[in-house]
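Naming follows writing order (A, B, C, D and E), and every chain is counted from residue 1.
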């Protein structure tokens, strides 16, 4: 952990974070959902102003969705993974589009793929999919293979491959 | 009767000459781009193929527009003198202004038909094409006017004859260069191919054209090129007998192709600014010189 | 910091591009004038060497596109370590990643440099690769002439060829006592070893008992030992024993072993048993059969007997085992030395079988304590698995001396002694063992241990007819371990006589063996009479094979039974010519424990069929 | 197959030597199109040129996988093209789904929705293979065997029904919330 | 003239890849614009969860087609970070060479590609043809032209042979010799100046607020390059510069890409010289066959500087033989979605393809 990062972690201690060090320049901070925005604001004010990625992980066994905000500082090259867990059966969270305008699209994407509602972000039209008629596809209980079988038929070959192979090998004459 | 044969011959020459030259132009561009390029007769194949396809029509305005464009341009091509008085089908009506008016019929027909297709890209393309016309026509007409003023005739074969002593290009080099720049615009060569800029507005006016319509418009385009370059050769390069005329025609075309292959295109408003800037000023200067009699 | 100067405008600079008008174009005139060959690592269409391919299907498992399916080819034989199936590749799926080539267990699947295949018929895109490769339409090469492209090398290989090292006692330590040599895998080691398995299932076909090997290995890999135990007990009630002393024929056919070391299947099996507490067995396996009210008698509590007892009792039969010795287990109890199979291991397996309600009557020698007829009368069916209890002798001069011993009685004696059941066996200072099989190894190493315990040094000479370690029937690791422990081997010598002076064994003389088998692969040794050696010894132990003892069978039954080379002939359900009499184990198939278990399983099925019909 | 008139034969021979392809990158196979089009392989040698709009194009290149969203546009595009028109399927994805066989958003076989004249094996096909495919298509056109467009007309109902099955509806919406 | 609704793409020659911008225009001026991605959505993040750690290498290069190697490197480095795996030094150098070659290839195409939207068709012809020489190196090295599947977890798949090294040296010399031609044709061209200079300006504040990385950010005068700020592989052991400019316009963005080519050549030459010899270029992440190699529990975010900016992989493992979740940060996500909506209104139709080209909006990496 670099000096500036450990200082920041100290500042963040008031939010009761669970801190994990992934490597020297990458720290994961897990906080409760109500403190996420405050943590993000603090980090943004302290140089971690670049939102590299905002994403979601479906922990189906815990019935939780984990939201991860990855912040990067162009000054000292450190990364903070701010993470929180929300209820999977009724996923709701607040938007951070005021902090990072591009988060609007990340939220739109997460809404589409995980079904999370973001309060304050009303632009929730599907971004990538058209006329989607199933549960959000990146949830763990969605099986794409089944869906694909149902909607997009596979080709069924009729050729006798064994006979062809035997002809190639000279075992039988074709 | 002879005039009719000559006019038909005009069309035949225009058709084969320009289509071959287009192919050669593609070959030259290809060489500059470090590749081999299509065979020189590729454009004939393209044209016949287009004519063989089963097209879509977008209503009678569209059909009529395409026919009008083709008809107008063909008519223009028929009256163009090919370098000498002998190869002038209609010696009495090869007046520059007649040609300009006839030519406008074709352009209008195209605009009408393309707007009739109802595609937004076509409409944008047509509006661009008309704007572009405004751009290059102004300096061009001023230069041509000063030429007409200088030689005191608007008949093209007479202009050719009067250049026996020296090419008009050498008489008024400034005017010649500006006319060439305008010619680039007329031919739709880069940097002035704004009307059909593929990366911006699909293929502009032609967006909705398919099959035969595409072929017909290609033929119209062939005759238009013939008219435009012939005018330049006749008015500024002094025509010449048929052979010389062909050589000059080819040189002008190749030069245009070569310049075109190393330049990107303007934006539409830049093009207007460009034409109405230096070329227009120089055209006026040229007119002034002609008025003052300061020609070479 | 590198702030860039932006370039200035230059009217004529672009015109410099005109210079290319006079230069040659860079165009490569494919496909008409030039045929462009791909690079030598190119990942083109597949070829598959059918003589090398074993049909393991690993390629189809790794394939990220599900392009490879294994298709059974009629006409291919299911051989040791080979499945009669070959991959079929769908070029409507393939992404040309070459992972199938990299993981191929045999290296038979490779890629060519052919990359053009153009057709209007989608059926042309499915194909079973052969040595000639794809008959590419409009391809660069003639069919079968495409050069090789992507080939696996050490870096791209994604199969793990090196076994996880099994922790073992050092030779200096282990030779001093009879403690178990192999310590067993830890959890991490077992999972790592299980991860090497590709789950092809070739071993299942090779295993006489057709155990669900890939399944229980996968259970270990997933860390679910209870599931693993269930898989084991589905086919093998003696897993504890087999996990230690099985001849592991499965490993010889393992597809990973084609190019590297096979997966340690035996030790993984042992890992499951070692790590599931015995008290949990009942809950995990949950065997609650419906009683059928019929009973079966089993003579002999060796592997076959115990196995048959287990399967019969899971089917709901009442089973009674008659055992001549004081403890059940047969060869497992009295033959295999303790350092390989401790009593506790065997006890665990037997205890579970007993817990199912199997009665084991020890010290009940059929023909002495109880008559065969009586058993036949008492039970609805009888299964005999009495094994090969008699030793064979070389019958050279001097073998009738009391210090010329048979291996099996000696081994029994040693085990009884170690258990505290019997007297101490005689320990010679110098010993000759004749034989090259596993029994010879067992006795050599047992005696080496006794010698170390007694005198602090090893002096055992083991001589065999076979002329090299590879030819010897004993397992290679047994031989290696014996060497480590100080046993001296003399392969390729046949005995002439035991030298006896003053009624004491002084040693034995041997002659060079030139060959063991003749052209017809029959046992017919030839010797070089001039090449002889003499080895000193106080004792000679013969371990050249065993023979069965059928004396307990009544004469009229023996006449009805068919014998082939001393073994009883049975059908596939181990039924003899007498329909209520079933037989298994060494007296039917031999020569190892797993065959015995398999016989027990087959016989149980046969008995069930016979009894349910009755 | 019906006998072609002499005019059709002549037309086919012209069609085979002037193939205008629609400049539309539907999938990753489009990455090998720039090299094919440009100086290194220069497909203009065979009279193949990119065209900006479907109206002018003769050939539709389905360069790899198609997801449902693109498939809608492809069907639109294909129907906008003037007959005779041809389709080349690039790579594994158009034949049987390719590496995306289990994806929830990509189709598995192209000829279920529009007729395909030539398939190219490879993932993605190299420029040489693409040119070979073009040559093959030219031969087919010359012989009058490239009749995908006729099949589409004849089996229109079948194709439409398949399209509806996989897509739900073929209509294209715009992105403004209006 | 009223507002006209236009669908710019997906099948539009000015469109980079399969992407669409729906907009209202008045005359030639864009009034409102909305990006419509998703034409290349294949559900990578889902598909990767269904495949083994190792067999995913067949899938990941497809996320960004013009520069596939960054995906492989990012994924491999992410997994190695979770597993704390030591990669052989030679493999690291080879990775660097591959990444820089890919950067040159992408830049050659992008620099030439600017000729597409503005009509200078000679430039893309040259650029793509020269890029093909680099693809030849890739073909010799990895056995495929575009989808190399070369950088795998634990190293690279095959060793770099002296013959290929020689090929790289020669190709680098060739490309260096071609650079003046590009400078003359493209960057000294008056009309190109007039088309690109001062157009589509993005100020530093706007760029940082939007989250733009790569040349889009560096053209505003800051030297923010992941290779310098958060060095990975051996970028801290080689000497190179990060070119920057102050204008923030379309021209400087393209020119910076052009100026990165010689820097990449410099890195490759240093790497070839400093690289240790050896045969081992690959270590397994754990024992077992590729079907069952497991990665310990954990999560990590790895980002590298792609030709278009910060490209990142967020990898989550639950200790099994398949990834639990992989999320991808496409480098052009901000400029391709938010940027289009926010900064295109007010520009002209001609500027739309220029935005897409100079900001390197790469549809497959946005859609995934």
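A few notes on this one:
FYI, a contact is a pair of C-beta atoms (placed from the backbone, for glycine too) under 8 Å apart; a residue touches a chain by one contact, two chains touch by 3 or more.
Owing to the predicted nature of the structure, the values given are computational and were not obtained by experimental measurement.
Looking at the partners of subunit D and subunit E together, the chains they share are A, B, C.
Chains that touch both subunit A and subunit D are the following: C, E. Contact tally for A-C versus B-E: the pair with more C-beta pairs in contact is B-E.
Each chain gets a centre from its C-alpha atoms; the one nearest the centre of all protein C-alpha atoms is E. Averaged C-alpha coordinates put the centre of subunit A at 58 Å from the centre of subunit B. In this assembly, the C-alpha centroid of subunit A lies 21 Å from the C-alpha centroid of subunit E. Taking each chain's centre as the mean of its C-alpha atoms, subunit B lies 36 Å from subunit D.
Annotation: 88 Å between the Cα-based centres of subunit B and subunit C. Contacts with at least two other chains are made by residues 30, 32-36, 121, 198, 202, 261-263 of subunit B.
Residues of subunit E in contact with at least two other chains: 5, 12-13, 38, 41, 43, 46-47, 50, 58-59, 122, 125-126, 129, 147, 185, 189.
Along subunit A, residues 128-130, 137, 142, 144-145, 155 each make contact with two or more other chains. Under the contact rule stated at the top, the pairs of chains that touch are A-C, A-D, A-E, B-C, B-D, B-E, C-D, C-E, D-E.
Note for the complex: subunit D touches subunit B at residues 11, 14-15, 17-18, 20, 23, 38-40, 42, 44-47, 49, 51-53, 55-56, 58, 80-84.
Those residues of subunit C that touch subunit B in the shared complex are 14-15, 17-18, 20-21, 23, 25-27, 29.
Of all residues in subunit D, only 22-28, 30-32, 34-35, 37-40, 50, 52, 54, 65, 67, 69-70, 73, 77, 99-100, 102-106, 123-124, 126, 174-176 touch subunit E in the complex they form.
Subunit B makes touch with subunit C in their complex at residues 28, 30-36, 258, 261-263. Per the touch definition, subunit E reaches subunit B in the complex via residues 4-6, 12-14, 25, 28, 115-122, 125-126, 129, 185, 189, 191-192, 194-195, 348-350, 352-353.
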